[in-house]
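There are structures below to look over.
Shared chain: subunit A. Partners: subunit B in the first complex, subunit C in the second.
Up next is the complex of A and B:
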């Protein structure tokens, strides 16, 4: 009897040791301009996880415009994690489909936002129209490229940055509305997403200035050469905070909760933060912030919460049907 | 077409201007102005071309009608989701095996339910449901109703549907803890013709329903017509005060009360009978007994869910005025029943009012087994002593029934479920009853295994 009791744990250990390493597949549903960041990060996480557990992680990516991505997940796209441009998009996964708990944003540090960015201007080499700050974008004869805030999450950040500038520098919401009205009169093409807008400015050579996420502007410089384009940093902009979360209902069903959680937590690791900085997103960790301090210029940044009372209110006031953007753009 | 002409014109104009710029040796300022015009026209041309490109991209990416086939049925929906048509189904095949039943031949295979359910939504706010029943001995219409959703806080429903009184009765047939609802459901109305208003208020923490119905006997359903002036007013209020408190142990607690009040005047017996868990009749009024006067019901009820654990409890008082015959003296009878039932999902999935969704489906090749749930229930029904012997025979009826049930539910997938229940029901009798009941079914406790294979999508 004693020998049997002794043998059983040994057998268990032998079986555990002999169990083959698994291949785990994750789906990360993200927005348009994170392709390069996650292509880089996925490789690093795969190596880390392999070394830690022996398992192979294959991370599939899905990128698309604002709203469409969240809608796809609500409709059944089995995303293990979502890394979207707006907290409001992720809130919809909770409110409309109960895929995640309502307090999802408290589960990871810094409101589940492992990296940030801001809104800057991309101009043609030599800055022929002399663009220096937001005021210049509303002047007659300046052609501005920005996507449609009704269909693009990135465009909403652009719009809100412009609004915040005018509110602070020109004296309140009424002045901001007038400024936004003038600015959008200078927009000849409204693309549906941020990447499309970059195509319009860079490849179709339309416009004098593109309002762009900082990481996207750096991407253009890297891909198309700093001898063709320049980045202009306005005096005031908005801190863009793209959050991330595990999709609880999906990972429970697929049995991928542990690796999905580790995937997002790894974004906060020193290696993850370094990759973030390398891909022109502003990192959070002090070490990475110090390392990339020269890349990212200092400027006055407002936040969505302090300036607009959070996404829900901003959405209702500015972008909902019949909101201020509709009023302005219909007039045009 | 208009855009095409604009582009053609712009091309021609830019070409002409470029040629002019080359041909005329004007001074530098003129040349510069011409170049500016060319540049501006080029930009216009590019903008027009890009606008066409974006329009084409948008057209290509425009969502098409969606066809979805999953464990919730077949759905055909318009791109914006405002219009949809859904086809669902429910098939339940039961096996009933009685023990120590005094030689009564009542073991059976039963096609308990066989429904093809059509549902749809039009213009986002108007939806319908049509549920024919092919199980049993004849085809009937279980539900046929239209809902107008004005707002989350106000929805109107009209047609034939479940009267909002009994907690377990209102739960879908597919997702009750047990194969058969408890004996409590004998005292609440089933499907009726009517109109009701309902909605969620106070941030979803309070649900109300109020309606006017034709009025049906305990456990009964309408025969699709209601030719009398007597109607029932039915109301139900359910509070879920901690619904929005994430992490609270009481987040899944709902409780409330429902009730109905009306007048009944019938030419035939008040009810066709109250049934045990094994679906055998243990009480029925005399054939000559008729309802005549006010009837009302009150039912406090609660539902609690916390992770894998779920429980329901309900108490019903049903009061009716009856006469032993059309001309006999009237009496008010008050029957009562209550139940407490609970379930625990052994495999860790959440218990919910709308069923268990297994984390994995049963698949031998993949080594996954679906979800398993154990259930338990106690229920009791007490008839008014005054029912005997004038309105019901003390020799042929029980005056109380107590039932204990235990069960095991195996969710092979969300759509396919196997349930095995054991019920034991003991009976009490009125003082006027003989030592040996006149009804063979009542001479011993009812002991029955009911197993069910269910397909529900």
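Up next is the complex of A and C:
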């Protein structure tokens, strides 16, 4: 074939010409409240990568409820990296589709979580019901807004934080179960996702207190005005660890392994950590922690691994069908 | 139809191509409808009977069947009643703005259901335009079973109106005039002359609105509040199972819904056929 012979060198020429300044595309599949964080971070990483290699990186973002996001990746959405709200959802990528090795969480520092957050309360200005700590949420006459832990990963953290508080401050698992029961009796609406709950609390003006991720609470203050809402930090809460990973099978196919890894590693850099802090997630690096110390108050934090034996166990005991959460509503 | 003018031999059709078009119909139906449904059945086939029952008959799931079927049925019935009035007004009277109202009827078809859900919730919530008048009287709509019913009524209305309109247009006012001139009272004209003609279309409209309501997810999850045992609809529980990567449990519930919906729709179709025969004698 004559034309093919003629085209091939041309193609090579085109590739050679293109290689000094390639354009790489990454897809980052994330969950809802990281929208602002990654909009910021992607710009910074683009500049860093351009300076380092000359290549242009275009990072596309996909945001949505986390369980759904993980399922989309399992079903074939070609994500180069996933940055989800809980390790359990990334575990599913390994267990259900073999997209990543089972020990994925050991590949990056600090359990592959470059930023953390915690669970706090959002109350109306002046804190009319005098909410100070978790036990105030279970008192009669207090209306609490939190999403449904069966459909929302964020809500699972809320639930576990409440459980950890009662377990430590009120005496063991039995007390915790009683406390959780009383707390959820005060919940009038179980939205299917975290942003839905925020809407219920902010726009519909339902509830005295909303249990929320700290970054989401700051977002509400920024978006809807600190003259309407206040953040109350409880004495004890859970360290929420939203992990990140490269999706091996996808980057191998797309040839983006190097840039995808660099992308996630850059989250740990000083600039990355500063962006994290600026977007109300708690940074990991000592320098950024010091810089944002005034923003994030100190409190006693437990972790999912030490307190609940990891996500798989917590899921099985509390949130699986017939688990403790179901008992609240089915046992009379 | 006059039985004397039917054509007895099916092979002597005016237009050829029965075999071809039937083949096309079956292929098309298989690809679009039957294969995805068969996949749902296959997925559940891997479950043991015990697992299947545990997935589809837990108290929470049973409560959601009750809500989904009752609320859909109620919404369908209300849609039939008001849909008839709307269709009647649109067909029989001409007034300024009729075309605009006619177009408005289609809006629930086109509106993304999430938008409908958020809008309805805003209106019916405690501080909403409607909610603030209802709440002092102890009537709560948003985040209750009534909210589910309201959302389902909203999305079902156009189905009834659009099925009734052509039939009403066919129905000549002369028939009513004839009935009146023959001495029938207004009530009698309505119940003995008009309604029998409309029954098949009303049944179709009901079936469509009901079926649509059963499968509705987007608008309901916003207004229902999703309280277990109280305001969870079946599609929400399917999503809940999916969130736990319990694909088989989710499809098991889907299969139950499929079978139940199919049986009910079949029943409605039979009823419609019967009503047509009964009233046309």
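Heads up, the rule we're going with is that the second predicted complex is superposed on the first by the 310 of 332 C-alpha atoms of A that agree within 3 Å, B and C clash if a C-alpha of one lies under 4 Å from a C-alpha of the other, contacts with A are read in each partner's own complex, and residues count from 1 in each chain.
Operating definition for what follows: a residue touches a chain if its C-beta (ideal position, glycine included) is under 8 Å from a C-beta of that chain, and two chains touch if they have at least 3 such contacts.
Since this is a predicted model, take the numbers as computed values, not measurements.
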item	value
Clash-or-fit label for the pair subunit B, subunit C on subunit A	clash
Contacts of A:150 with subunit B and subunit C, given as first, second, both or neither	second
Residue contacts on subunit A - larger count, subunit B or subunit C	C
Contacts of A:206 with subunit B and subunit C, given as first, second, both or neither	both
Touched partner set for A:188, first subunit B, second subunit C, both or neither	both
Partner chain(s) touched by A:227 [first = subunit B, second = subunit C, both, neither]	neither
Which of subunit B and subunit C A:196 touches, first, second, both or neither	both
Partner chain(s) touched by A:252 [first = subunit B, second = subunit C, both, neither]	first
Which of subunit B and subunit C A:321 touches, first, second, both or neither	second
Partner chain(s) touched by A:92 [first = subunit B, second = subunit C, both, neither]	second
Listed stretches 77-85, 95-103 or 131-139 of subunit C, narrowed to the one that overlaps subunit B	131-139
Intersection of the subunit A residues that touch subunit B with those that touch subunit C	188-192, 196, 204-206
Complex contacts: residues of subunit A adjacent to subunit B	75-76, 101-103, 143, 188-192, 196, 200, 204-206, 252-253, 255
Subunit B residues within the subunit A interface of the complex	43, 46-47, 49-51, 53-54, 57-58, 66, 68, 70, 244, 246-247, 359-360
Contacting residues of subunit A [partner subunit C, same complex]	67-68, 71, 92, 96, 148, 150-151, 188-192, 196, 199, 203-206, 315, 319-322, 326, 328-330
Residues of subunit C that touch subunit A when the two form their complex	55, 58-60, 118, 121-122, 125-128, 142-143, 221-222, 225-229, 236, 239-246, 249
